[in-house]
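One chain, subunit A, appears in both complexes that follow, with subunit B as partner in the first and subunit C in the second.
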Partner chain A sequence: MAETRPGARAEALAAWALSLPALILLWAMLLGPAVAVLLLSFTGWSLGEAEMEWIGAGNYAQLAADPVFWTSLRNTLIYVGVCVPATVGLGLAAALLVESVGRGRGFYRAAYFLPVASTLLAMALVWEFMFHPTVGFVNQAFGALGLPVTDWLNNPDVALLALAVIGVWQNLGLAMVLFVAGLQGIPRDLYEALAMDGADGPWERFRRVTWPMLGPALVFVVSIIAIRSFQVFDTVAVLTEGGPSKSTEVLLYTMVQEGFTFLRSAYGAAITVVFLVFTLAITMAQTILLDRRAHYG
Partner chain B sequence: MAVASVDLIGIGKRFGATEVLQDVTLRAADGEFLAILGASGCGKSTLLRILAGLEGADRGQVRLGGEEVGHLRPKARDLAMVFQSYALYPYMTVRQNITLPLQMRRLSALQRLPLLGRLAPGGRALRAGITADVDAVAGPLQLSALMERRPAQLSGGQRQRVALGRAMVRQPAAFLMDEPLSNLDAKLRVEARAEIVAMQRRLSATILYVTHDQVEAMTMADRVAVMQAGRVLQVAPPQHLYDEPASIDVARFVGSPPMNIIPALLDETGMVELAGHVLPWHAQGRAGARVMAGIRPESLVPRPGGLPATLKRVERLGAEAVLHCALPGVEDTVLARVETAIANGLSPGGTIPLMPRRVLLFQEAGLRMECRPHPAATPAMEGALG
Partner chain C sequence: MVDRLLGTLLRHLVLLAGAALMLTPFVIMVSLSLKPPGEIFAPEFRLLPEQWHAVENYREAFTRVPLARFLINGLIVTASIFAAQAATALPIAYALAKLRWRGRQAAFALVLLALLIPPQVPAIPLYIAMWKLDLLNTYAAIILPSTISVFGIFLMRQFFRTVPDDLIAAARMDGLGEFAIVWRIMLPTALPALAAFGCLSFIWNWNEFFWPLIAVQEERLMTPPLGIAFFNNAEAGTNWGPLMAAATVTTAPLALAFLLASRAFVRGVTMTGVK
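== the complex of A and B ==
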C-alpha cells in the first residue's frame, strides 16, 4: 500500500489507546459474562467439581427432553403475554389520566411509581395477604360482589394469573412514567393545528396525534416491560415456589433451582442462554423499530 | 363560507395578573391583508389565538363576516391557521397533511374510520373530490413531486409551503398566520413573502398576519396594526404608518434604521429649538414646552447652515451609508442616511452641518403634535427646505 499521510499511524494508535479502556470494561462487565455462560452451557460442570468436561449440545438435548423446561417456558410466555398488553394499556391510560389533571400531578405520578421503587420481595407479603383465601381483600371483595372466590395462589388454574396481576401492578408505574415523558414531548401546536383542521374530540385527538406521536415511546415501553416480565422471579420464589404442580414454574425460577439448588451449573447456564436469546431478540426488535420510525425530525 | 371580513371588538385578556390584551378593536375587511406588527410579548399572537378560538377572550366580541363567532369552537369558525412551527403532522405524508382538513369536513365519522371507512357508502365520490382539490392546491405550491414525502424529508421552505397548502385547501373565510416565515433563512423569506402575497391576490383572501418583522408587514400588508403592551397603537397602510406615525412608539418601531428622537423645546414664537438651534418648523404650544422631535435618518441632509454634527462613524450599506453623529447637548447618537458619494468625502471626527427636511413633533407623553414648516425661515434654511 502506498505511504499514507504522515502521522496517520500515530493517530490510529492513539485511537486504539483511547478506546481500549472502554473496550476492556465492555468485555469484562457485559459481553464477557455472557460468553462465559454460553461456553459453560456446553460443559457438564457442576458447582464444586474440579474438572470441566466439554459435552457439546448435551445440556440442550436434555433441556429439549425435559417437560419441566417446556412447562417453564410456556408459563413464562403466558406470563409475558398477559403482563405486557395489560401493563402497556393500563400504563398508557394512567399516563393520559395523570397528564389531564390540573392539580396533584406530582402526587399521582409518585403514587403510581411507588411499586416500581419498592422491593417486590417485601411487597409480596402484602400480596400474599391480599390473596389470602379467607381474610384476603381480593376474596372479601369478590365475595361481596357475588363473584367466584378461590385460593388464588394455590389454585393451579389461576396462580399464574394472580402472579401476573402482581407483575402488572409492579410495572404499571414504570410504563406510566415513560408514557408521561412521551406525552410531554408532543408539541401542543399539533393539537391546535388539529383543532383548526376540524378535529377536536378526544378520540380524534388520540388517534390523529397522541397515538402516532407516542410511537417511539410505545416501542420502548413494550420492550422494557417485556424484558422485565421475562425476568419474573421474586414473586414465584416467595409466594408459590413454582407450584402448585408446576403451574407457576418460570424460566428464571427453573434456572435458579437447577443452577443453585441442585448445583447443576452448566444446565442452569443453558437455561440462562435461552433466557438471553429472548432478551436479545426483544432488544433487537426494539432497535430496528426505533431506527425505522422514530426519527420524525 | 366565502371570504369574509374579520372583526375584533373590545378584546380583553388576562393571564393571571398580567393584562395581555386591553380593549383591542381591529377590523380586516373582506379580502384585506392586515398585518399585526409588534415586539414579542405585545399580545399579537394571543389576539390571533383568540380569533382562532384556541384561546378564550375575557371580554369583547369576535365576528366573522359580521356574525358573532366567539362562542364557537375552532373547527366551527371556518378559519385556517399557519403556525410558526408549521405544526405539520410528522408521521403523515405531505398528501395526508393537506388532505386531513378536507377529510374532517367532508367525510362522516363512519367514512373516516380506518379501513372500514373505505366501505362506507358514498365515500368513493367524496374521496375522489378531495384528492382532486388537494392536487389543485399542491400544483401552484410546487408540492406535486413531494406528495409522498414526510415533513422530516423536506426543506424549511417546502414545509412552509405544505403548511400553506393545508390552510388553503379548505378555502377558509380567512387565514390566520402566526409568524409563518420566521423559521426561514433570509433568501427563502423574500421568496415566501412573494408567494404569500401572490396567493392572497389570487384568492382575494382575508389574511391576518402576525409578525415582529416590520419589513414583512410593510412589504406584504394592505394595512398594518402596530401593537404594544396589549394595545393597538395605530392601524394604517404601510406608507402612512411610516410617514405619519400617530405616536412616538409607532415612530420608533417602524423604520430601519430607526427614526431619530431628539429632545427639543418650543421657543416663545412656537419655533422648534433643537440642540441650541432654532429650526424653521412651527408648532402650537406654550413657550418653553418640552417636546420630542422625530427626524427620519434619510431626511437629515448635509447642507450649510444645518445642525453642527460631529461624525463618529460611517456605516456603509453599499448604495448608501449611515452616518453616526453626535449633536451638541444631545445624548443619543443621531443617524443620517446619505448616498455613498457624500459619505466618501467625510472622515470620522469631522463636523458636518445636517439639515432636517422633515420634522415630526411629539408631546413628551408621546402623542403626535401638529408641526409645519415656518414661512419666516432664515434664508439659509429656506434653501435647505427648497
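== the complex of A and C ==
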C-alpha cells in the first residue's frame, strides 16, 4: 500500500496542498453554484426577497405551461439542428480539401480559422450590416444571383436562420481544424493497402478508409459544435433581442431575461436546469457512441 | 497527369471561394471603417472609399465611447484570468498526473464532472453571491468566475503524464520539494502546452460576453465586447463608420495574436482530445 512507502505521507500532504486551491475554486465557482441552481429551481425566490419558500416542482410546472419557454426551446433546437450538420459538413469538406492540396495549406487554414479567433461580438455587428435590407452584402449578392431577398433579421420566418448562418461562419474553422487533426491521425499504410487492392479513386479512399477511421473525431466534433450551438446567446442579445415576435428567442436569452432582467431568480434557475440537462444529454450521447466504437471498432 | 492538374486546380478554386466568403466580413468591416456615411449607404459596394474618412471614423470611435479603456480592461481581465488559471491548474495537474495520494481518483472525478458544466450554468447563484458581497460592478466580478479552468487542468494533466518520471526523481534527489518541482521543473517543460492553453484562454475570455453583461453595468469596467455592444446601442445602428472602426480595433488584437501564433492556437484546439 501507498501508506507504507517511505515519504508517502509527505507526498500525499504535498499533493493535497497543491490541489487545494484549484479544488476550492472548482467548488466555489462551478460545482457549488451548479448544485445551488438545482436547489434554487425548487423555490419561489426572486432576487431581494427575504424569505425563500420551497415550492417543489412549481417552476417546472409553470415552464411547461409557458408558451415563451416552448418557443425558446424549439428555436434553440432548430438553431442547433441547422448549425450542427452545416458546420460539421462544411468543416469536413474544408478539412479534406485543405489536406489534399500541397501549397497554400497555411493560408487556407488561417482564413477558415480567423472567425474563431476574432471578437465575435464585433463581427456580429458586421453581420448585421451584411444583412442590411438594401446595402447589405447578402441581399446584393442574392439580388445579383436572382435569389429572393428580404430584411433577414427583421423577418420572423428567416431571422433564426440568419443567426444560424453567423453561427456556422463562427464555428466552421474550429470543426475544420479538429477534422484535420483527425485526418492526420489516420495511418498512411491503410491507403497503401487499399491501393494494393486496386481501389485508388478518391471516393473509394474516402468511403473505405477516411470515413470509418474518422468516426471518433466525427463524434467529438459533432458534440463540441452541438454544445457550442446550444449556448447561442451573443448574436441574439445584440442583433435581435429574441425578436421579431419571439422568432429568435433561445434558452439562454430567456434565462437571462427571467433571471436578470425580471429578477425572477428561481424561474431563471429552472430554465438553467433545462439547459444543463440538454447539454449533459449531448455529452452522454457522445460518450456512449465513442464507447461503442471502442468495443466493436 | 492533366486530370491530376485539373483536380488540384479545382480544389484550389473551391478552397479560394470558401476562404473569400469566410474573409468577407473582415473585408467589409475594414472597408466601412474607412468610409464617410454617404458612401456606406451607396447602392454599389466599393472596396476602397472615394473620399477617405478613416481618421474621422477612428477618432470618433475613440472619443464617443472610451474605447481605449475597453481595450485596457480587456487586457487586464484576460491577463488576470490566465494568471489565476495557470497558478491553480499547474499544481493540481502535477498532483493528478505524477503524485500518489488517496483522493486522487476523487479529485480527478470532480474535474471531469466540472468539465460537463457549461459556464452559463453557475451564473444565477454567482450573481446572487456577488450581489450579497457587494462585488457587482468590479473587476473582481468579471474575473472571479473564470479563475478556474477545468479545461486547463485537464490539458495540463494530460501533458504532465508524458513527462518522464526520471526527471522528477532526479529533481527530488537534488533536494527539490514538490512545489519547487512544479514551478522549476514541470513549468519549463510544459511551456508549449501552456502557450497553447494561454492562446485559447485569451480568445475565450476576450470574447466573453454573457457573464460581463450580467456582472457589469458601468462603462469604465466594460470589456471590448460589452463596450462595442454599448456603443451599438447608443448609436442605434446608424453610425456605421465609427462602429466598424471600433469593431476593427477590438478584433485586431485577437486576429494579430492569432496570425503571429497560429501554430500554438491550432495545437491548443487539437489538444482537446481528438487524438
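The rule is short, and it goes like this: the second predicted complex is superposed on the first by the 263 of 297 C-alpha atoms of A that agree within 3 Å, B and C clash if a C-alpha of one lies under 4 Å from a C-alpha of the other, contacts with A are read in each partner's own complex, and residues count from 1 in each chain.
We take it that contacts are C-beta pairs under 8 Å (C-beta built on N, C-alpha and C of every residue); 3 or more make two chains touch, one makes a residue touch a chain.
Keep in mind it's a predicted model, so treat the numbers as computed, not measured.
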Room on subunit A for both subunit B and subunit C (clash or fit): fit
Subunit B versus subunit C as contact partner of A:140, first or second or both or neither: second
Touching partner for A:30 - first (subunit B), second (subunit C), both, neither: second
First (subunit B), second (subunit C), both or neither touched by A:232: neither
Which of subunit B and subunit C A:153 touches, first, second, both or neither: neither
Partner chain in contact with A:200 - subunit B first, subunit C second, else both or neither: first
Contacts of A:83 with subunit B and subunit C, given as first, second, both or neither: neither
Touched partner set for A:189, first subunit B, second subunit C, both or neither: first
Contact breadth on subunit A, by residue count: subunit C or subunit B: C
Least C-alpha distance (whole Å) that remains between subunit C and subunit B when both complexes are overlaid: 11
Residue numbers on subunit C that touch subunit A, as the complex places them: 8, 11-12, 14-15, 18-19, 22-26, 28-29, 32, 40-43, 45, 87-89, 91-92, 94-96, 99-104, 107, 110-111, 113-114, 116-118, 120-129, 131, 144-145, 147-148, 150, 153, 177-179, 182, 203, 206-207, 209-210, 213-214, 224-225, 228-229, 232, 237, 240, 243-244, 246-248, 250-251, 254-255, 257-259, 262, 265-266, 269-270, 272-275
Subunit B residues within the subunit A interface of the complex: 52-54, 73-75, 79-81, 83, 85, 87-92, 100-101, 104-105, 150-153, 166
Subunit A to subunit B touching residues, read off their complex: 187, 189-190, 192-193, 195-200, 204, 208-209, 212-213, 215, 293, 295-297
In the complex, subunit A residues that touch subunit C: 2, 5, 8, 11-12, 14-19, 21-23, 25-26, 29-34, 36-37, 40, 47, 90, 94, 97-98, 100-102, 104, 106-123, 125-130, 134-135, 137, 140, 169, 172-174, 177-178, 180-182, 185, 216-217, 220, 224, 227, 230-231, 233-234, 237-238, 252, 255-256, 259-260, 265, 268-269, 272, 275-276, 279-280, 283
